[in-house]
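One structure, pasted below without further comment.
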Amino acid sequence: MEASGESFSHASRSEVAQEAPRYTARLLIGCPDRPGIVAAVSGFLFAHSANIVDSHQYSSDPSGGRFFLRTEFFLEEPFDREDFQQGFQAEVAADFGMDWEIRWWGQRRRLAILVSRHDHCLLDLLWRARRGELDAEIVSVISNHRDLARETEAAGVPFAHVPVERERKQEAEEEMLDRLHGQADLLVLARYMQILSGEFLERVGMPVINIHHSFLPAFAGADPYRRARERGVKLIGATAHYVTEQLDDGPIIDQDVVRVDHRQSARDLERVGRDVERMVLARAVSLHLDDRVIIDGRRTVVF
Amino acid sequence: MEASGESFSHASRSEVAQEAPRYTARLLIGCPDRPGIVAAVSGFLFAHSANIVDSHQYSSDPSGGRFFLRTEFFLEEPFDREDFQQGFQAEVAADFGMDWEIRWWGQRRRLAILVSRHDHCLLDLLWRARRGELDAEIVSVISNHRDLARETEAAGVPFAHVPVERERKQEAEEEMLDRLHGQADLLVLARYMQILSGEFLERVGMPVINIHHSFLPAFAGADPYRRARERGVKLIGATAHYVTEQLDDGPIIDQDVVRVDHRQSARDLERVGRDVERMVLARAVSLHLDDRVIIDGRRTVVF
Amino acid sequence: MEASGESFSHASRSEVAQEAPRYTARLLIGCPDRPGIVAAVSGFLFAHSANIVDSHQYSSDPSGGRFFLRTEFFLEEPFDREDFQQGFQAEVAADFGMDWEIRWWGQRRRLAILVSRHDHCLLDLLWRARRGELDAEIVSVISNHRDLARETEAAGVPFAHVPVERERKQEAEEEMLDRLHGQADLLVLARYMQILSGEFLERVGMPVINIHHSFLPAFAGADPYRRARERGVKLIGATAHYVTEQLDDGPIIDQDVVRVDHRQSARDLERVGRDVERMVLARAVSLHLDDRVIIDGRRTVVF
Amino acid sequence: MEASGESFSHASRSEVAQEAPRYTARLLIGCPDRPGIVAAVSGFLFAHSANIVDSHQYSSDPSGGRFFLRTEFFLEEPFDREDFQQGFQAEVAADFGMDWEIRWWGQRRRLAILVSRHDHCLLDLLWRARRGELDAEIVSVISNHRDLARETEAAGVPFAHVPVERERKQEAEEEMLDRLHGQADLLVLARYMQILSGEFLERVGMPVINIHHSFLPAFAGADPYRRARERGVKLIGATAHYVTEQLDDGPIIDQDVVRVDHRQSARDLERVGRDVERMVLARAVSLHLDDRVIIDGRRTVVF
């Protein structure tokens, strides 16, 4: 209860859509570190009358390491996106051997979700998308079970059932690839209990984020809550990471833990674990969509 | 992803209903502290062949303080509930001046919810009830707005719209009392933005739990996120408490905080705050339903 | 700064010694679970006019599991300790096959510490002992290096240098056993960088607590901070556990984590890790000394 | 214990002194926000062959707000510090109306400490300074009591006893000002229980950091632990802030909390509180010394 009625404004269901732009574009750069990078980039931006709103940089090692930059800026005057991008490539990026990417305000990405039967991560992402918390549109949910069809469709998102039978796993992956190619920009495994093949990962052509229900690298693999209880740990956790061919070993985006005690059964750990899982996955997906995560070998830089 | 397919068993939607009993009854006691209480209680239980599964006790002060006990036990042999309760009153409780309560396994309570327009706490409680995480049935949702009718009804819960107009607040409270009396055992304010009158609280006849979106006693009253941002705090929080006539001053059941920084706008604080609010409220409601919370003056004992 | 001068009372250096007793004795019990244990124990206590101050119990499984009880009580009337203990064994413990222990108020234990060259855990324990935070006396510090002699002796604690040369490890362990036998009740490894042999552990005759600088079971073994950084984890931790012959695998008493990010070097992780290590070790030692930890196979019950 | 002996290198007592430089200089800027600031600064740095190692910026509002920048860079070629600074003022700073500061690698600041009788914050700072964790030299400890003289002097730091009698507070403050002027760059109140006058704060001429033993703004003023216990909060905290004339209301640098429960007495809260206090104060002092904190009105920007 509050003293003054409903003075706290109701957050609209399409918060992001209605918001005033907080930047014109976001520029992400990775390149071998050497002097002059920031001067070149900011000189180019200044020449285009850009006003930098937010900027972070990181160098894995100033001599011989890799340089990473994330900057958000406003362009007040009229400009042509194509010209701007070509200019940046020619005048700055080519010289420094930059990998770079630009994202303009309002360019929302398309998110596809793989899920099995646990509903908590899926429902949480659907709710956050609807609230406008995620800067993305959820375009499809694919599952090897039918359990979550009704709830997915109630949220206005198409649901596809792609069963994974033991001898027909390759066909199932082919069908999923067909449904994903050209349709999505990010794939999220929201407690998907099948292992994706190296071939699938190679061909899918978009980043894949998974939530693992342990504090990796502890309890990688199956049944982490049971093993955590047997080992008698005092904290259980969850880890969101990019998926690589090496099981549960991809670059970690975020993780968190919660305190547990001897009184809690494996089922109790599962219950409290669900809350950590959905929080950590949502944070990781948001960080990715806000272009705050850059992969640096086996690790991530999170700005 | 896990190594071994779906070995992690799917938690059923009616977990609790299908569970084997974890106790026969739960006994809660509060009385003036003096020697012999535990001996009398456990002697009575032993005479009825009870096997104590879990037991906690606390004394606010061994000389002249108040004694609190929560115990769960199995009764293996056939027995009559009425006889058991009358026996306990006559043989134990009367002598020590005990306030006591017994809850038999399977006696689920009825939960009513008041909400305004924020959906996060309501949806979280509806989801947890459906998952069987709450040992209660949600019997009605009452709101001063119509916004959340559709989602409440989709969850199979009756929704009532009781508008609160400035001059007709008393009538609105009368209508709510009519809808609650005899229908519910616990009232949860899941971001209800109207202040309930002292008369309402006196007449409602059941505990009322509220979630306040700050770390009380900091920022009691309205608009805590804006005030937290202005004050430049580095952590924001949420507090679940029993409602008393004194605004935002009732006994605290649970609270938690999350770290924030200068980059976050008041709207960002609102977003991360929503996650803390729904977690803290859910924990507090669960603690209450598990009979783990005993009020001790302005404070709570949480076993 | 505070509004009213020094109203916050200065905690004396021998807080515990000067405190009024908070209980007469503490009773710890472990036995096969079956009905009647609590009734028998509390009946015995009541017959001796005991007033129970605090009591917790836990059963690993009500049918066929193990029962654990920790209770603190006052005995108001004069009594003989020897009689009380013999009576409890004869009238209660024998019947239920109890392992039990009683600790009378003021019976402080003797704590010995093994340390190598890192000073943070040692200094923290010395400071807490002096403040009266630990219900124990630190009776000796043994190290395989001379670095920490001066600081140990400045705290009034005897320091012994027992070098561990590669071929003479057994002799070193013999010397340590000589220094420990009959001199101490608990051995704490405060960042001791040598592995103790199974024979040492068998012969030492007292519990041994170690602090490992990772969130076990992640990064068991050497160099956890370097490996944590390479793996790119977002949280680093520390784990206090009882030492068993199986390296880094003994029952966990307490653990905690702290958030880190990509900017932090392995040396930075070491720095923040030191704070977690000393906090977790101090909590674990306090829990042990307060008789709150009971070993249950590979796990601990922490009351 | 670790598998491989002492492979984890011992951190030397003068870590910082022996470290290779991690930057040549650190530049801090605050000015009204407008386009071109970053371009001008990085252009100037590039013209001096600087390689930027780390850079963060923040704008309180891109139109009409205030811009803050913290950058660390290497200068590989020989240069003159005086020329560099004059050049920056003339070519960049004057134009944008910048408040700016440059700190060269190795320029350690002098830290003075005020303390009353609680030793935990003082000892922690002395230990961290000796370990090289703080980029500063502790040059003096001033206290209104004699209790902590011996330990201060054992750490090789001069101790001054300046008693504060009720009618002679002004004289005491004069004496402290004499001891501080020109002798220190930062004043830390490590549980100093006297209120400093507005005149003292105005004349001291250096930033003053205080640790308050509550989660401000909750329980501002005296006796926060007692009041926290009476209110029945479930978390207690500590807050480090710059001191202003308004008691307990200065800009917050860092805060943290720890979970407590009903079993803990006010003295127990004091004990666990001590650990939070020293951690939060140490973090705040480190952040200040690393030039990561910029005051923005009533709030701080922490890079």
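By written order: A, B, C and D. Residues from 1 in each chain.
Everything below uses one rule, namely that a contact is a pair of C-beta atoms (placed from the backbone, for glycine too) under 8 Å apart; a residue touches a chain by one contact, two chains touch by 3 or more.
All figures in this text were calculated on a predicted structure; none of them were measured in a lab.
Asks: Common contacts of subunit A and subunit C?
Replies: Touching subunit A and subunit C alike, sorted by label: B, D.
Asks: Could you tell me which chain lies farthest from subunit A when each chain's centre is the average position of its Cα atoms?
Replies: Max centre-to-centre separation from subunit A belongs to C.
Asks: How many angstrom between the C-alpha centroids of subunit D and subunit C?
Replies: 35
Asks: Would you kindly tell me how far, in whole Å, the mean C-alpha position of subunit D lies from that of subunit B?
Replies: Once rounded, the distance between the two centres reads 42 Å.
Asks: Residues of subunit B that contact two or more other chains, please.
Replies: 54, 58, 263
Asks: Given the complex with subunit A, which residues does subunit C contribute to the contact?
Replies: Touching subunit A: residues 58, 215-219, 230-235, 237, 251-257, 261-263, 296, 298-302 of subunit C.
Asks: Spell out the part of subunit B that touches subunit C in their complex, as residue ranges.
Replies: Interface residues on the subunit B side: 33-40, 42-43, 45-46, 49-59, 62, 74, 76.
Asks: Subunit B touches which residues of subunit A in the complex?
Replies: 1-8, 10-11, 15, 54, 116-118, 120, 123, 127, 131, 133, 147, 154, 189, 192-196, 210, 212-213, 221-223, 225, 243, 247-248, 263, 267, 270-271, 275, 279
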